[in-house]
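Let me begin by presenting the structure, written as structure tokens, before commenting on it.
Order as written gives the chain letters A, B, C, D and E; numbering starts at 1 within each chain.
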């Protein structure tokens, strides 16, 4: 997407923005990483390809404190996160220049590997993907290499931007809540076993917390003494459970379901399931709500109606 | 515009004219009453017992058929209207009755009160509109002083019938005005004619109808209109009673379709 | 279930909501013909005197006109109570107030079908 | 580390009979921080408190745990005690071992064990308590009374007589309210105007009272002691300073077809009008809906005839902003609409009237000049039927579930007055119950029956049928005789239910005062705080709180005034120190806490903070301590835990949880 | 299922100061008994109860946690219990989702006048927890020190 790069460079040069927040090319096509670019020279390493999955909106919290405008590239789903941060006064719209970049579903090298490809040397981002491996060349279909979250795409519209570059596509193919429903249908023992297995993998690396645009507290409760819950590592296995429940609760009604938590988890824990469960409950009990869709809207946990469901609805199975 | 239509037993028999005039008028006003294929008698009175299911099923069947057709269900007879609306209310709001009725009926899709039941007069007021009706009148009944007789079943219970204020209704009066005649308001227009009591206690019914008749006469009425064959039957038994017409007859007359109707 | 509970169940009415204002009796068009008056239907149920209620003439005089139901300020609905009592009587063998044989002499030329149907519903099993 | 003293109360045998108090003290001594523990017969007694005092001194205590009855009973007592002996009152915690323990358990061992755990939880909490200082806020020594009826006037007069400034805001063009519409008052039958007018004049002339008529409260902000209120003074189109109240404009006004509000629509008034002769202020208002000048631009008669030059068509609404320390709601009542009750034929016959309309008919200044006559044909009625409980005591949605309380008495009054003045008129009253509690009330009603021959029939009316001859056939029950009776009446009077004035819900919302399903304002306590709203600084006077008659209204008005005076007499108010507080280093400035705050106590400001050496401007939540009531809604909304509640902090509550689960 | 009569559950009851705590006081002054297993923690309002507290109780070995507040519409702070209701509904749903029996958590609205209700609710809740038995599930995760 040379167009994004050219435009960003132009805005940087004419002084509209002081810096560009985008992706820097990595060693391979598949590992670009978020980066700030402040000069034309810097911009040489700017890249926007189909592996640029990272949601950059959270970086705008820090960028908003810097002097001058920052140009940020947001994909449609990232724009929800930005909007949510805007509603919470965490980012400064005045100091942001948003290029809404086109997105047709982002790719994950993990999914390429999952497709059975071993010894990857290089890969491109075309459809289908051409993969060069130690054992010869092969192809992987774009859809198979797409991130799980892109299968439940929020749509091709940006909810906030200054200009749009590139086409987007709604890539949803799956039912967003299918997995949640599958777990809901389990017996308590099965549910417990499922999460026990998943969560016992957690090493409390805090990657999920660090990447999450909603989890943006200056200081996390798990690092402060406010609840006697400060810890570096888990003291016991309850605490990792508590950590994830509380984390999900703290972002409930604010999580845009961007899926970054699961994407970055080095242990592959499907952390987004917690958030989706809350989103599903909120939609069922309090009406459809998409965090970040409207920066002016009142969230489901900061509003109520007089005839809301009673908590006993859970025991009655009303949230399923 | 097409409505599902539930005529009821009497309109297929002693009150054929109530039905015929209504259909002719409907066509003149631009809507059609399409008779349900398989209607059965509603039973005449609404079964009040909470444990009565079987006697509500014929109504449920009619309601479900209208639902299948995706049409509102129109009826003319006060009694049918009363029974259908109340059973529909049960099916909407009373879980126990809904469950049991559906268990009996074994419909392809359970019925839960989806059909809207309308009295023909409601169609005139809310769908056609009395202003439009007035425009379509070719023989205005100018100078006629008409007493509207509502009776009890059309209006009560007010909450469920939701047709008009049960104590001070205006629907038939507005209808009379739309036909160009003058309505006569009298206090007994919503009091009972005696209903089915006339079978075993004809004197009781006669007494009650006398009161109604005297009151209407006293206020200067020249005739009654009603929507109910039973009301008409009872009112006709009074001595020196005012003539009683079905409201559809006057409607057909005013619209100029009376002659061809029967 | 005793008779009192039975009446309460069939009618779906809570007689204890009654504040004994007498508006039902004030409004009833068949009042003069009744041996037990509409407001008494309620007190008979309250005191459990269902036997007397089931033997009353009033139940055959009630017109089901719902005036008492419409105007009751407490939503007690005496008409429903009476109908429940009627149900109890009619459901018993031989409790019918109307038999097929009785009908022919009562019918005249104009009599609408709905009259017979209604009377059957109210008077006969 | 705290130095905690634990005091276990026997409460006679109330606690000691089921809880081994010695054991509780003994176990408490083992808890961290505890340096002293003892038990005593009655901790709340003077001797008990002295014991606490002695221990504070001797052991240099920094915190107290009293194991006794409910904190709702004696927390305040022990806090005061602590303060007396030099300890911060908020260093006291109560373990409720009576209501929550000894009174509900029978087994001594079990109860003792539970008492030990409850004590342990309280000790764990005190270990984390910090001394709190009750804050102070200023008091604006001025009160606002909303509503200028008898309730509002009396409250205002009482407050003003105590030397404080009071403003009355009245929606209509004159003060006086419902009472000014009444003819006579029960049970003494004084003329209503004769006793009310002097009070109106007093209020108008009082140097401490300012009256805003034809005005409404538009906005309220602030809190107890310091409310800011916007009052909309609607354009009168008449200059109050210039008008002499001569009345010529009203006489000459060509638009005279507007139903008179004061006379309940029974006759008409002019477009420029004062509602009644004794109106205060005696300055007319132009009803712009009815005025020909405003509707067509032509006319201007009033301007021409006004010698004082007081007419001002260009006058505009004015917003007045004032500060008040206390607000009294005295918005009164109206009768319910009768359109859902047409079995009584109210909309069908002019001769079926409400009791309030009868007041106007009986009044010498009313539409019939005080002659009792039928509004349909002007004839004198010979047979009058009164129907009680019209719309009152109705559990369906047509009416009101409550008893309107005043109808039995005013109906007896009407019946008596009619029989007195027109002995040839038959008067029948249909009643369900006659309710006459009150001084000389039942005697009054009995007089109506015994001396004046009013015919009381127990039973309700089912239908009123207007007859062709103009009479009204009333069909009712006589439950005593078990008869249905029919009366051919000339007039029917309906004792119509009363309901709170329409605008009260809006006012309650502005004041954040709670209101019940019937739109009556809720009192802080139904028995012990009947004139206070649960919202501090808001007081209730008159029927806005519940149905009441004039004597009750006046006594409640006085009571509300005393509460206001008690508040205004203070220079400063102490505020509850158990309020929320944001830790500026943790606050994200996300605004979610402000969204759930019911008092609007949280605002945001940009502040420079020093976060471990990093200085930056941050958006920080700031809690207004005077507004915060300490519910804690914000603390849970805050994901970072920046928002905490003093006195019930996260760590304190977690310590209690831990102590219980240990 | 056999109920272990020896089993005495640990139950934490959070009660709002204005309604439910007063309701508990009324239960006490009316001598309406309920099991001693229930220990009450006073909070100003049901909306003060942080999910952290409930999880903490489970972490520390509680077998059941109940939250009592004013009836919806009657909150002393006018809206607190409405927020509490949403929060607890979602939290309980999440616990259920993770396989924690939902019988171990409950919300009840108890007014200051409902001493009888308070006692009935507590008896019922304790009975429920007793039938569920010791909180084995969360116990597995608990660090037994």
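Note that in this section a residue touches a chain if its C-beta (ideal position, glycine included) is under 8 Å from a C-beta of that chain, and two chains touch if they have at least 3 such contacts.
Computed from a predicted model, the values in this text were never measured in an experiment.
In terms of the stated touch criterion, the partners common to chain B and chain E are D, listed by label. Chains that touch both chain A and chain B: D.
The chain occupying the central position, as judged from C-alpha centroids, is D. When chain centres are defined as mean Cα coordinates, B lies farthest from chain E. Between the CA-based centres of chain A and chain E the separation comes to 36 Å, rounded to the whole angstrom.
Taking the mean of the C-alpha atoms as each chain's centre, chain C and chain D sit 47 Å apart.
For the pair chain A and chain D, the distance between C-alpha centroids works out to 52 Å. Touching two or more other chains at once are residues 50-52, 56, 79, 83, 87 of chain E. In chain C, the residues touching two or more other chains are 67.
Contacts with at least two other chains are made by residues 167, 191 of chain B. Pairs of chains in mutual contact: A-D, A-E, B-C, B-D, C-D, D-E. Contact residues on chain B toward chain D in their complex (touch as defined above): 165, 167-168, 185, 187-188, 191, 215, 218-220. Chain contact summary for the complex, chain C toward chain D: residues 17, 19-28, 31-32, 37, 39, 67, 71-75. Note for the complex: chain D touches chain B at residues 339-343, 345, 347-348, 463-469, 473.
The touching residues of chain E, when paired with chain D in their complex, are 10, 12, 17, 21-22, 24-25, 27-29, 31-34, 36, 39-45, 47-53, 56-57, 60-62, 76-80, 83, 87, 119. On the side of chain C, the complex with chain B involves touching residues 9-12, 29-30, 33, 60-61, 63-67, 69-70, 79-80, 83-84, 87, 97-98, 103, 106, 110-123.
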